[in-house]
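Below are two complexes that have subunit A in common, paired first with subunit B and then with subunit C.
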Partner chain A sequence: MNALRDGIGGFARETIKTFKLLARNKMGLFGFVMTLVIVLLSFVGPIIWQPETSANVADINQGPSEKHFLGTDFQGQDNLRKVINGGKDIVITAFLTGIIATLLAVTVGAFSAFVGGRVDSALMELVNIWMTIPKFPLLAVIATVIKLNDPVTLSLLMAFLDWPGLSRQVRAQVLSLKKRDYIEAATMLDLGTRQIIFREILPNMMSFIAVSTIFTMTFAIYQQTGLVFLGIVPYSGANWGVMISAAERRGVLYTAAASWSIIAPIGAIVLFQLALISFARSLEEVFNPRLRTSV
Partner chain B sequence: MSNPILTLNHVTRTFAVKRQTIKAVDDVSLAIREGEIVCLVGESGCGKTTTGKMIAGVLPVSSGEILFRNQNIANLRGDDRKQYRLGVQMIHQDPYASLNPTHTIADIIAAPLRHHGFTRGDAATRERVRELLARVDLTPPDDYLEKFPHQLSGGQRQRVSIARALTVAPSFIIADEAVSMVDVSIRISLLNTLTKLKDAMGLAVLFITHDLALAKYFAWEGRIGVMYLGRLVELAPARDLVERPQHPYTQVLLSAIPEADPEVTRRKKHIELRSMDVPSLLRLPTGCAFHPRCPQFIGAVCEQNVPGLLEANGARVACHLVNRKT
Partner chain C sequence: MAVTSQTQPQTFSLLARIERITSNYVLRRIVKAMFTIWVVVTITFFVVRAMPGNAVDILIQDLTAQGFSADEALNQAASLMGIDLNQPAHEQYLDYLANVVRGDFGKSYRSRGLNVADMIAQVLPWTLFSVGLSLAITFIIGIALGALIAYARDTWFDHLISNIAATLDAVSPYLIGLLAILLLGVTWKIIPFSEMRGALSPGIQPEFSLEFFADAFSHVKVLLLVYVLASVGSWILIMKSNTIATLGEDYVTAARARGLSDFRILTAYVGRNATLPLFTRLAISIGFAVGGSLLLERLFAYRGVGFLLADSLGNRDYPVMQGVFLVITFAVVFSNLIADFLYGWLDPRIRIAGGGN
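And now, the complex of A and B:
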């Protein structure tokens, strides 16, 4: 019972400490809050503001107004509502791709560094070859063969294509970290392999891993919207990529007022990216005590 | 005289460099008693750190054996292995690399305490951490508990490093150039802390350094071993070694120590070497490795035969000239 209370108390204390650290960096806090808002809006928003099903012929291609903050599109539908409804797939794909690609990269990279020798050379040779393949065209080709109409399959595929570069970096980090004196000290103190990996090595890589995950996420967002824009991935309802594509094909680039139907989704993508990258900065500080300017 | 806690029997360590093998440590034999201080002195590349790492068990020997309380450390299993593993601890040279930057000082010291069950419960662990910090003269300990290594000075970090080694109640400590990266002003106080701990806890210490003056200060009650290109060339009680150095290399080293008083330094007789170049470990000279530089070179025997480390006037010396006389 006591242990449980201690556990919960300790967890709460840790969480508060983490939040305090997150809040240290204004830019990072902004990123964190913004990411949270975008994720919440993308998941909860569609329940409140359901997608419009019919066209409003009277309101086609309008600029911002009181009724439509971000104007309307070629069907007279509200751009803001479309942006809110189009975020979910992007958010899911970004997070899934980021997490899966990082997990793959960390597993392969760390394994390669620990085992060393022939296994290491073979794995890294494979990674080298993998890295020379141009990813986006390959993704485009695969997308025509495999049906990519759900975000999970798409994430898996993108993660599978994106991990090799990161795994090399992870390997290099582990190779360098495992030779540090404090690892040797931990070996002499007989702290055990598990503790050496998870307590001594991993925390030193966390800021790097977190930042890499976020960069993979931003990359995944570009890839996904790119695929949708090119029409390679089937349109599945509303989606920022679909919005850009539709706007472009309906010739909105030629009328000033209509440009809002392309500015809105692009703005959403930019905002999400910006939020993620600023959040990454804050995460670095959380995981790397040396970056904290004053304590 | 008590039993040796640690014995090195003809320990050799070779490394493969490209297609060649180099002998970093060559046929070193040495016995260290419980609670004794032994200094290993030598220039960089002489194998003193490699010797330390082999004793610490992080580097296997190529041939020969290392005994911990009369048991070969290579064959230890179970409880015996654990006793050795925790019994021998090392203090690293670089205090900036030997502490994990992501943990607080309290975490760094508490980890081994918790892992091996030396203390039970958070309160007891914290109390013990405080005690250990006070032991290494980091007072008041509460000022240091929540600090990260990067917020401490080199000397303070080195003290944390010592405290960490003490968590597992070792009986043998290897201090590998433990003070060489610390400001000169801090060195003596750090050495005094080490001496105090050694006396209080009955620790045996292997102090590795390139600085004979430091060895002289620290090991005055103990013995000093001088290494040259992988071999032990002289091993003697500190006073004898300093007052009556027998091996020509030891004599050269002693004559090269600058004294605080420039007058004394200038008056000191400086022994000239035959050559200033330290031979490469890849192309070791035949016979006595020191012969190309030796000021007391006596001819063919030095070029052809490797001198053994033999008894000479209460010390052990590896030199044909000395061994001929005795």
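And now, the complex of A and C:
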């Protein structure tokens, strides 16, 4: 019991410490809070503000008002409510892609760095080749053949296309960490490869891995909404990408009155991407004490 | 005895020559580029022909739905894609490779009778023009601003530019494009976007005249602006950190101690060394820009390869789709090759390290 209490207490103390560090950087705090708000709103919001099912002919294409904070769209539906209901798919796909791509990249990168020799150079040649192929066009072409109607398949495909760049960076990091004194000491103590990777090397790469995951996430948001915009992924229901392409197809870009129905989803995506990136930059500080002292 | 001692150096020099050829940096890079292209062509073959539910199957389904009999549909699809569908798969693959080598990408399915290769040849120059020009502008602005804020570190100017750069870097390019249309076309009404569709105004012929260049530029200017805005952020940030790192090097301190002027240190010592790593990034951003052209050219109705690809994706015009995708990849691989040579030429260390492996 005591051990459990200590464990919980220690965890709480660590969490509070992390928050204090996060709070020191205003941009980072903004990013963290904003990410949290967007994720919460996207999952809890739809329960409270359910999507409208009928059109309101009286309030078509209005600007912001007290009744509709972000105006209304071509069907007279509230833009804010649509934005709240349209985030879930985007958030799920972004997180899934980020996590899967990072797992792949860390596994291959660390393996390559540890094995070395011919296997290492062959793997890195393959990674280099994979990196020259333009990802987004390839994704778009594949998407016309495979049905990508659910977030999981799309995430798997995007992660599979996106991991190589990251794995090259992971390899470089592992190689440079391997040369550090404390790793050489651990090797001499014969602590075992697994122990060295998981206890000595990976913790020292956490900031780098977290930041890279987040960058992959923003790229996933870009690709996913881009596919919808091109009309290749027929996402059912409302998400931010669908909102943008629906508004664009109705010529909203050329009529000032209706512009709020495209500004709302663009704003949501931009805010999400910005929040993620500023969170990533402050995470670097939390994990890396050397950066902290210089603030 | 005398004979053997004479032949031995000869065999040695022959071996050395072979080794010199295989370890030749330029040759190795060219072989790698060819291999990359082969990988892409093979992937495309899988998507088009070998994957379950592949493009040819969809095409045949589509044609039968239009009222063609099964045989006719098969023949139609075969003639559009330029492969004999009755052959075994590996022979189809070899035919496919041969067609690609000849530059034969089949015929368009939607625009009947048009050769895919001709369609691409018509639009490719516009993408090369817009992407190339925007990369050059971005590279120059990014290097200049990045170096500048590295020198003015921790001033308000540095914070302002760094924050703007970080924001631009985070936002997707086509969202910047949408915002540009909203602001320039709808809110401020500076640019009449409906007149700017296409790469040239109707009636203007490509020729060496002021009128032609002015028209081409007026059609591309907003697209250029968006390309630059979308990619300049990361260039600025990377150049800033490279410059800061270089400023801390011993040889810069030594140059200062020798009393060299700041300008000389900036151009000959700091600038050169901080810019070098950016050349490898140039290669990556070419691919990124070409990928982005798919969305941006479609958004601005600029008739380049991105527009053609977006169009064929929407129409499920598989012959055009695969042709454009292959050409885009060739272009990216080729520009990577050039960027690598440029880098090797600028930095001899790369050539030696690459050859010694």
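The rule is short, and it goes like this: the second predicted complex is superposed on the first by the 285 of 295 C-alpha atoms of A that agree within 3 Å, B and C clash if a C-alpha of one lies under 4 Å from a C-alpha of the other, contacts with A are read in each partner's own complex, and residues count from 1 in each chain.
Heads up, the rule we're going with is that a residue touches a chain if its C-beta (ideal position, glycine included) is under 8 Å from a C-beta of that chain, and two chains touch if they have at least 3 such contacts.
Since we're looking at a predicted model, the values are computed, not measured.
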Ask   = Should A:195 be classified as contacting the first partner (subunit B), the second (subunit C), both, or neither?
value = first
Query = Which partner does A:129 contact after superposing on A: first (subunit B), second (subunit C), both, neither?
reply = second
Request  = Figure out whether A:36 sits in contact with subunit B (first) or subunit C (second), or with both, or with neither.
outcome  = neither
Inquiry  = Quick one: is A:187 in contact with subunit B, with subunit C, with both, or with neither? Answer first, second, both or neither.
reply    = first
Ask   = For A:204, is the partner it touches subunit B (first), subunit C (second), both, or none of the two (neither)?
value = first
Request  = Specify the partner with more touching residues on subunit A, choosing between subunit B and subunit C.
outcome  = C
Remark   = Note: in the complex, subunit C contacts subunit A through residues 32, 35-36, 39-40, 43-44, 47, 51, 53-55, 58, 166-167, 169-175, 178-179, 181-182, 185-187, 193-194, 283-284, 287-288, 290-292, 294-295, 298-299, 309-310, 313-314, 316, 318, 321-322, 324-325, 328-329, 332-333, 336, 357
Ask   = Which residues of subunit B touch subunit A in the complex?
value = 56-58, 82, 85-86, 88-90, 92-94, 97-103, 111-112, 115-116, 122, 147-148, 150-151, 161, 164-165, 167-168
Task = Could you pull out which subunit A residues touch subunit B in their complex?
result = 6, 180-182, 184-192, 195, 199-200, 203-204, 206, 287-290, 295
Task = Mind listing the subunit A positions that touch subunit C in their complex?
result = 121, 125, 128-129, 131-138, 140-142, 144-146, 218, 221-222, 225-226, 229-232, 244, 248, 253-256, 259, 262-263, 266, 269-270, 273-274, 276-278, 281
